[in-house]
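So, here come the structures, one by one.
Each of the next two complexes has subunit A plus one other chain: subunit B in the first, subunit C in the second.
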Partner chain A sequence: MKKLIILFSLFASLNLQSIAQTLTLTCENYASSPSTSNNRNYDIANCWGFGGVSYTSSNKIDGNYSTQSGSATNLNPTSFWLKSPWIKPGSGNIKLKTKLNSGNGTSRFLRLAYIPYDANASYKEGTRVDFFTHTFTISTSVVEISEAIPSAIANSGQPFKIMALMYGSGGNSRIMTDSWEIPGTYWADPSNSCYPLALIADADSDGVADEDDGYPNDATKAYNNYFPAAGFGTLMFEDLWPATGDYDFNDLVLDYRYNLVTNANNKVVEMDASVVTRAIGASFRNGFAFQMNGIAPNKIVSTTGPKYHGASWLNNAANGTENGQTYANIIVFDDAQKVLPSPGGSGTNVIPANGRVAPDTTNLVITFVTTSGQELQVSDFDLNPYIIVNQIRGKEVHLPNGVPSTLHNADWFGTFQDDSKPNEGKYYKTKNNLPWALSIDSSIPYTHTTNDLIDAYLKFSDWAQSNGTLYTDWYENKPGYRDTNKLFIP
Partner chain B sequence: MKYKTPNIMKNTVLVGLLAIGMMASCKKDLIEKFNEDHATSQTTKVSSFNQIKASETFDWSTTKKVTLNVTGLKTMVPIKNTLKVTDVDGKTVYHSANLAMDESVNFQLDLPTSVAEVIINFGSISKKLSTTSGKIEFDYIVEVAE
Partner chain C sequence: MRNRKIIGALVILVMAFSSCLKLPNPTEEKPTTPVKFGEIKTDPNFNWTTTRIVDIEVLGLSTRTPIYNTFKLSTKDKASVFYQGKHAMSENIALKITIPAVLDSVLMEFGSIQKTYSVANSKVTIDYIINYPEEE
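The block that comes next holds the complex of A and B.
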């Protein structure tokens, strides 16, 4: 494996321009991770360039590895070459060790050149300027080269590459080099095609380039992290828990999408969530909430946007989280029937003959603490949605294995068809492991009232009974996958 | 000036496109056939939801958790850029983060179950990586043949 080291002189100033550096290529200083089968690739990742030059441990000059050209039998100087990353050259001498790997050949040369920056040229490389040529004696003796950086580029403040060209005629010997030292300041960006370091457009100076910044004029925010990443997802609930129902999964149907907004330090500063209430196929007055598993309520600064209609059990703290909870719980709305009133008849948007009500969107904005050491990361979020059944606060219905909130009444577990076993981490599943709620990461149609889900989604049962190995796309609109007569499609 | 494309070139392109189309179609057919064959042999036909017998380990979710391990690379000067995880078309962004190139970190991603590969970009560095093992290993080394 290869190593590139940059030696920083110990100047007090942090101004990069003022730090004297020596760029080195030793072929020895490698990182154990990531491991790479080709050590040269590590130096390439740090913007060294090689043309027909490999690394070898045979006949090495110093340490365990040296660079080695192919057989230098062509007098074209660019037959084999090595280029440094872009540097701002300092003053002093470029040093390297070189030799031939075997004592044969008619002639062998190693030439040094510099390449100026040219914004319009291929790879931004201008016309090469040669400034030194070493003629080898045909032998395997090590030669130490020490050549002054040309005055035209020394301390110029401009970026250049230093290039070594290796060529010759006759025989088959190869030209080896090692222990390079180039005085200057490293000025390449490995994350930008190894072009010279450049100032990025960053209007809010948060360290994230405007082109990547979702909030280029707000230093407190940088990235949007949506879930689902594209479009909305769908949540479907059965509300007769702990008894099983008709499995039409339309007692409450919601679409959702949330965005965890992170700052330049990748900490979550805000959550923007949209909950679209689409249908109510029940007479119960259900509430809807979600728990942020593992996140303490005091991590939340404020919550705006919930829709409350005076439920007696509502008991929120000033930050919008529900009191009495171990983890942060947000009640999105307390009564679906008030959010999406029925146009008449039973339910809302589940019987086509009853007419259709426009879905209702609840937009939440939740802000999080930004105190150093208290912040949250995206991976801290494990959202656990649930309904509160018919205004009974202690009666929650979660997705399968969704852990109930502190306020859930555990006495319900194990009654009727529920086979929850909290000590085994089994929640909200029947003996046959059937759920009372489903979450799909895209927005899908739901069933007409009382239509069994599997009569509408024809591949669902194969998916479930195959343990998820078959028809992972059961919810997609593919030929043979749906019976649209059973679905409520406006 | 316009040049007429030689017929042989046109034919080659057409045959190539046809082959690619057939391969894609063939793969799709194979998946469908696998689903159909195994649906008959492995699963019991049921007429209602409550007849379904699911495994106690079955995850009813349509998403999967995938861990992304990023291995940092020692750089000469501090380099920061945006690491972006997208679908293979580059249109759907699953995750964005501001990373120093010498930083080793890991992220938990929630991806649709059907996503078998993602693209990870860090500035000009781009890699297409598989998600099927539940773990994605990303580093900044781009393999170059000697």
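The block that comes next holds the complex of A and C.
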């Protein structure tokens, strides 16, 4: 008996809730909506429709604003109109307040109608059905209209729009409305052209439509977030740090692209990274790694794909991150010379006469914790790539101002031409702020060995000396931008 | 004697043309084009990157029922997507996106809603409201 009462109470409560749903139009801003001087645009964003009807604070009926038609001097009922969003009508009465803004005119009317859903019609709107007409007395008195939802649509479970049509003849008075209440359940999707809410095709039921889902059959993954967003980027290093070199920026040249795979809750579950080793213009046996600034090593579950050749300094934890680090560091490879061996002569892919070796791609897959409260978001990622110079683990070369890892030996700072000042956040720059590494978010050719970068990229120095304001596209292949004789172009 | 005259004339000529030469003005800054990378001079804050970070603030829109869809930021031609994720339309979102420094605008998509925003500044505020002019 007790169970029956609980069940009945639940049913009654649910039923009451559905009855209680009412769509309103007050012409006022919602408290949490973005600030906008035009309240009507806010209601349009919520799928209300207006034809020749504006919002006004003059002669308002309730609150600060009311709707107002143009001068209703045309007996065509569709002269001025207002449409609700799609709703599933409940039962009860449609209520609104209306008046004329001035006491002139021969006749004025406000008609109520409903519009059924028609999948084949324009805007999905079927043929309008009128069900009530109010004839105004020509005065400015407020009239409260209360009209029952037609039984044909009440509680039908089908989507409809409620429409008000305003028209008349003579004079120039306008028809105003306010404080609309329509019993029913809001059934429009502002993010889908205001069409009725519809079930989306979602094979893995993760709430992301298949057409947007990069992994439509895997509920643990939803989106790909690539960097660079299109194609590969290029990293170029000088490896004589802390001394300056010949600025050909080809001691190690890599292309890279990574993808932060997120789930339907926008949490990063996996990082897929491709590192393409293109050239080695040095004799040093450099390693390549990256630090995930600010991300603790225990946020990583596993790492697959690095290429190791037995470097004595390699010391990784089971999850593939390097031991002894504050932040997660992934050693991508420990010796570039083993990854991209020279075909003979000095360097690899930097002297055309020496022949060419096919670039080598290292593909990494890194998975992240998915424990609630421990997950990472895309904005948490700040990747900080670096080389490990000639098998000396404590000797890292980062991009300018790249923070070194815990295992870097800070004693190198301030020696030779390096002017790093950790207490000022200045790293891997000379006194004149010159770098030892460059990152370009596009794959670009690098120089032949010993060719100064600015002799190959003719707008680079203008870009740099303007502090990045001129020739932001210096790396693009445009007329006058490159001296291709200085570039290694296979 | 003749040689003396010639030399004298040459001296006069040289002096005359020398007076036309513009003397260097120490106060006049002439931009120098470096001939070597090592001669480049930059501001200490220059970061040498071809990208920049833009802070994105999305002002959610109150909706009568929860509306979820894919929020996406991309180039206008949609070829490069900088961020995508599932969000409620009512959600205020704070994001940082890294875009090529050459880019001057991004396209925001939330389902059928599309708006283009200038990224000339490092902060962009986005909303879902389309501005329709009021009718008379």
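Note that the second predicted complex is superposed on the first by the 466 of 490 C-alpha atoms of A that agree within 3 Å, B and C clash if a C-alpha of one lies under 4 Å from a C-alpha of the other, contacts with A are read in each partner's own complex, and residues count from 1 in each chain.
Note that a residue touches a chain if its C-beta (ideal position, glycine included) is under 8 Å from a C-beta of that chain, and two chains touch if they have at least 3 such contacts.
Model, not experiment: these values are computed from the prediction.
Engineer: After the match on subunit A, would you call subunit B and subunit C a fit or a clash?
Structural biologist: On the shared subunit A, the partners clash.
Engineer: Given the touch rule stated above, what does A:461 touch, subunit B (first), subunit C (second), both, or neither?
Structural biologist: both
Engineer: A:412 contacts which: subunit B (first), subunit C (second), both, neither?
Structural biologist: Once the two structures are laid over each other on A, A:412 reaches no partner at all.
Engineer: Given the touch rule stated above, what does A:70 touch, subunit B (first), subunit C (second), both, or neither?
Structural biologist: second
Engineer: Contacts for A:378 in the overlay, against subunit B (first) and subunit C (second): which applies, first, second, both or neither?
Structural biologist: both
Engineer: Classify the contacts of A:191 with the two partner chains as first (subunit B alone), second (subunit C alone), both, or neither.
Structural biologist: In the superposed model, A:191 contacts both subunit B and subunit C.
Engineer: For A:48, decide between first (touching subunit B), second (touching subunit C), both and neither.
Structural biologist: After superposition on chain A, A:48 lies in contact with neither partner.
Engineer: Does the superposition put A:470 against subunit B (first), subunit C (second), both, or neither?
Structural biologist: Touch status of A:470: first partner only.
Engineer: Can you list the residues of subunit A that touch subunit B in one structure and subunit C in the other?
Structural biologist: Subunit A residues touching both partners: 23, 33-34, 36, 38, 40-42, 44-46, 54-55, 85, 186, 189-193, 197, 207-209, 212, 222-230, 244, 247, 262, 264-266, 378-379, 399-400, 426, 432-435, 438-442, 452-454, 461-462, 464-465, 467-468, 472-473, 475.
Engineer: Where on subunit A is subunit B touching in the complex?
Structural biologist: Per the touch definition, subunit A meets subunit B at residues 4, 6, 16, 21, 23, 31, 33-34, 36-38, 40-42, 44-46, 54-55, 85, 186, 188-193, 197, 207-209, 212, 222-230, 244, 247, 262, 264-266, 378-379, 399-400, 426, 429, 432-435, 438-442, 452-454, 459, 461-462, 464-473, 475.
Engineer: In their shared complex, at which residues does subunit B touch subunit A?
Structural biologist: Subunit B reaches subunit A through residues 34-35, 38-39, 42-46, 48-50, 52-63, 71, 73-77, 79-82, 84, 87, 91-99, 101, 104, 107-108, 110, 112-114, 122-125, 139-146.
Engineer: Taking the touch rule as given, give the residues of subunit C at its contact with subunit A in the complex, in rising order.
Structural biologist: For this pair, the touching residues of subunit C are 31, 33-38, 40-51, 59-65, 67-70, 74-75, 79-87, 89-90, 94-96, 98-102, 110-113, 127-132, 134-136.
Engineer: Note which residues of subunit A are touching subunit C in the complex, please.
Structural biologist: These residues of subunit A touch subunit C: 23, 30, 32-34, 36, 38, 40-42, 44-46, 50, 52-55, 70, 85, 185-187, 189-193, 197, 207-209, 212, 222-230, 244, 247, 262, 264-266, 378-379, 399-401, 426, 432-435, 438-442, 452-454, 461-462, 464-465, 467-468, 472-473, 475.
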